[in-house]
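Scrolling down, you'll hit the structures one after another.
Each of the next two complexes has chain A plus one other chain: chain B in the first, chain C in the second.
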Partner chain A sequence: MDEGARDRVGLGWRPELAADIHMAIERFDVLEVLADNWFGASRRELSLLRALSRDIPVALHGVGMGLASAARTAEARLDAMARLVERVAPESWSEHLAFVRSGDIEIGHLCAPPRCPETVDGAVRNIRRAGAVVGTLPVLENVATLLDPPASSLGEPDWVARILKAAAAPMLLDLHNLYANAVNFGHDAAAYLEAMPLDRVTHVHLSGGRLVTTGDGVERLLDDHLHDPPDPVFELLERLAARSTMSLTVVLERDGAYPGFDVLTAQVQRARVALARGRAAAARESSVRPRSVRCAQ
Partner chain B sequence: MSARDVEGVLAALYTNAEFRARFLADPAEACRAWNLSAQEVASLASIDRAGLELAVRGMEAKRAARPRGPVRSLFALLSGRR
Partner chain C sequence: MKPFPFNLTGPDFLLCYALFSAAVLIIARAARSTRELAVGGESPRVVDPCEIACLRAGRDEAIFVALMSLEAQGLVSRETPSKLRVASGTAAGGRSSLERAAFDYVRRGGGAAPKGIYRDAAVTDAADAVRHELVERGLIRDPWTIAGNVGLVPTLVALVVLWTVALVRIWSSGPPVGFLCVMLGMVTFAGVVALANPRTASGDAALRRLRLSFNVARRRVSAAPSGSVLSDAVLVTAVFGLAALPKFLRGQYPWWQPARDSGGGCGSGSCGSGGGSGCGGGGCGGGCGG
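Right after this comes the complex of A and B.
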């Protein structure tokens, strides 16, 4: 880890949590705000969000651009984010490696496109244009999918790595999305993590989900943001911290079925512990290696 | 290859129950409206039906849920108004 670099942990800001967050803001290093909910806000309301960003670093998180598509992202959506970034002055903004519409069809959900060279090229074009319009590149998040996208010639880690390398963009690694895709499609989660472009990961999401079942009894893990992050997600966070040389900004996401606020702050603290354990493991390994070299001589 | 058209088929599958029923009955016929390669049609025909069922169920539940408005909550909170 770079000297002076510092990991941070925060929470996704939600209206249901606003009062508790306000009263305990010192417990968080960063807050993440869902950008699309603010595109139609008044100037006065945006000024309050900007005031919040002066008290604590704020990251904007978009869900409606559909950047990872062979189709071109609409200019109006990039302009909306650009205006919000200009008014709120967040420290970063992020979006998803997903498509959300096709032609006149609005899916209303983050969907995995076919993972192929054509969507790599389309994503890179959209991301570069988004960066030019907004003024900074987005941090890009992997998505969970219940359906392995057809017409795919690339595995997910390879597809993600190609896009981020070509766009020179950072990654928001959602560890529950990674875990769900690993569980659902028969991958070892730790190996799946190692296959991702970890040198590009600057941000992390933690969330939870539940098993869902078809009428025929087929089970899949759904990333619903309505449950606590499971133990494997914290284990993946520790593993990431042991491997990464980047400072990591970790955000706990919860969209409903809220537990007591003390439960959420305990999960934030558990993330801090996982990060510290991972960093300590990396430090132990790097301190051992030079002695091994000396002994070999 | 036309990834854009594959995205179109997926979008229709996720949102249009009538199209989805036609597709599940005869995928190749249902895909005629798009400019797809034979390989793409074959891949779509062997789509993960369990995943599709669960994805559609989740999306329909999400569409049925009311959208939230966080802005007023923050304004009310920080201005002391309820």
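Right after this comes the complex of A and C.
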């Protein structure tokens, strides 16, 4: 890793956590805000986001664009993000490699599209258009899925890598999403991680979920953001830190069923420890066997 | 021929001076806000409960919140509903100078008459230090320093002089001046209202930020069922005032609340309607896999 870069760990900002974050903002390196909740905010409400972005780096995280689709992303949604980015001046913005609507039907969830060349082309087109409208490319997040997308001719790592390479975009690697897909479809999580385009990962999400039984009686791990990140997620983070030569921005996500704030900050601290252990392991290995180092982009 | 605007008559004359007065007040206020934001910052973060209370409603509110905080920390307790005492085995306590001064007041026997705390020299000195700190940070104006009102007071004086000259000239010419007198009173009142806010533009921004940040906490506290233990009651009170607490909790404090108009504050323990409407709930939870 470039000696001038450093890893950072933060928390997803939510209204329910706002008071605690206000009182203890120094515990975090970065805050991530859900962009879609602020598109219709008044100037007064946006003043809070601007205040946060003066005190700490803020990243905006979108959920409603549906970039990974053969269909074009609506210009109105891109314009909304562009306006918010202009007003808040975040250090980055991100979205998902997912589709969320079909025609006029809003699905209400992030769905994994068929992983095929057509959706690669569609995603790349939408990502480039988004970058042109907003002014910067989004960081792109992998999604969890409860069913293997039908009509897929590509594996997930290959599909993701093709999109990111063609769009020249960075990646937000959600480790619980990766873990859930590995568990749900019989992959080894560590090998699944290694197969991802790790040279493009600049941001990381940590979250948790629970086991659910689908309609056909199959048990699946659901990424619901309502539970603590399980141990394997922190192990994957340590493994990623050992492999990655980029500086990493790690955000803990929690959308409800909030534990005490001390519990969340303890999880943030655990992420710091996992990163440090991974970096230390990489340093030990490179002292034995020198390897090429890529500077952080 | 009389020069403009003295060549105007009746409603035109009144309208002209109303617009002129409004423009002068708005421009002066905007200029002052710009200067204050440059000094105090556009949205500074205040985290000490006593400073927050002082920012919102003045020195006595800071003292009140200090007492609340001591009770929440278990450093003081109620011997009777209206009498405080220090927790047994505790020689000193409090996280700030004001809390320590308040604790010492109770320790010296002041807990038998809690309202006397607002006249205790050591406590008021500590509270004045809190207020002075906020003045130094550019968040509130020192009410006794005319420099805090540079631009606005001279403007107001100029307006009053202008109006008086206009009235004298018009009186000597003969037309009725009743409406002009009313206009003069309204302009003076508007100027006084503009001067009355003890907070600077930065202070208003800081309080606005607090109210937006604590909006959900306030709703949660307000809706708490009777008997709940509320860990953030002190902070919610500091930000919004005692009225933000649920009824079962509010009723415990009247005998040690400060008198209203505590000096240097906005005059109300519950001023403001709280923060924004809330900016939406969680994000992509519920199984979206994002």
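Methods note: the second predicted complex is superposed on the first by the 285 of 297 C-alpha atoms of A that agree within 3 Å, B and C clash if a C-alpha of one lies under 4 Å from a C-alpha of the other, contacts with A are read in each partner's own complex, and residues count from 1 in each chain.
Everything that follows uses one rule, which is that a contact is a pair of C-beta atoms (placed from the backbone, for glycine too) under 8 Å apart; a residue touches a chain by one contact, two chains touch by 3 or more.
Since the structure is predicted, the reported quantities are computational estimates derived from the model, not experimental observations.
In the overlay built on the shared chain, the residue A:His109 is in contact with chain B and with chain C. Of the two partner chains, chain C is the only one that A:His61 touches; chain B does not reach it. Of the two partner chains, both chain B and chain C are touched by A:Arg44.
In the superposition on chain A, A:Val143 contacts chain C only, with no contact to chain B. Touch criterion met: A:Thr119 reaches chain B, while chain C stays clear of it. By the touch criterion defined above, A:Val133 lies against neither chain B nor chain C after alignment on the C-alpha atoms of chain A.
In the superposed pair of complexes, A:Ala19 makes contact with chain B and with chain C alike. Look at A:Leu154: by the touch rule set out above, it reaches neither chain B nor chain C.
Contacts of A:Thr214 after superposition: chain B is touched, whereas chain C is not reached. Overlap of the chain B and chain C contact sets on chain A: residues 14-16, 18-19, 22, 34, 37-38, 41-42, 44-45, 48, 51, 108-109, 145-146, 212, 222, 224.
Within the complex, the chain A residues that touch chain C are 12, 14-16, 18-19, 21-23, 25, 34, 36-38, 41-42, 44-45, 47-48, 50-51, 54-55, 61, 63, 96, 98, 108-110, 112, 141, 143-146, 174, 177, 180, 212, 222-226, 253, 255-256. Contact residues of chain A toward chain B in the complex are 13-16, 18-19, 22, 34, 37-38, 41-42, 44-45, 48-49, 51-52, 69-71, 99, 101-103, 105-109, 111, 113-114, 116, 118-119, 122, 145-152, 184, 212, 214-216, 218, 220, 222, 224.
Residues 1-4, 6-8, 10-12, 14-16, 39-40, 43-44, 46-48, 50-55, 57-59, 62-63, 68-75, 77-79 of chain B touch chain A in their complex. Residues 42-43, 45, 47, 205, 208-210, 212-217, 232, 235, 275-290 of chain C are the ones touching chain A in the complex.
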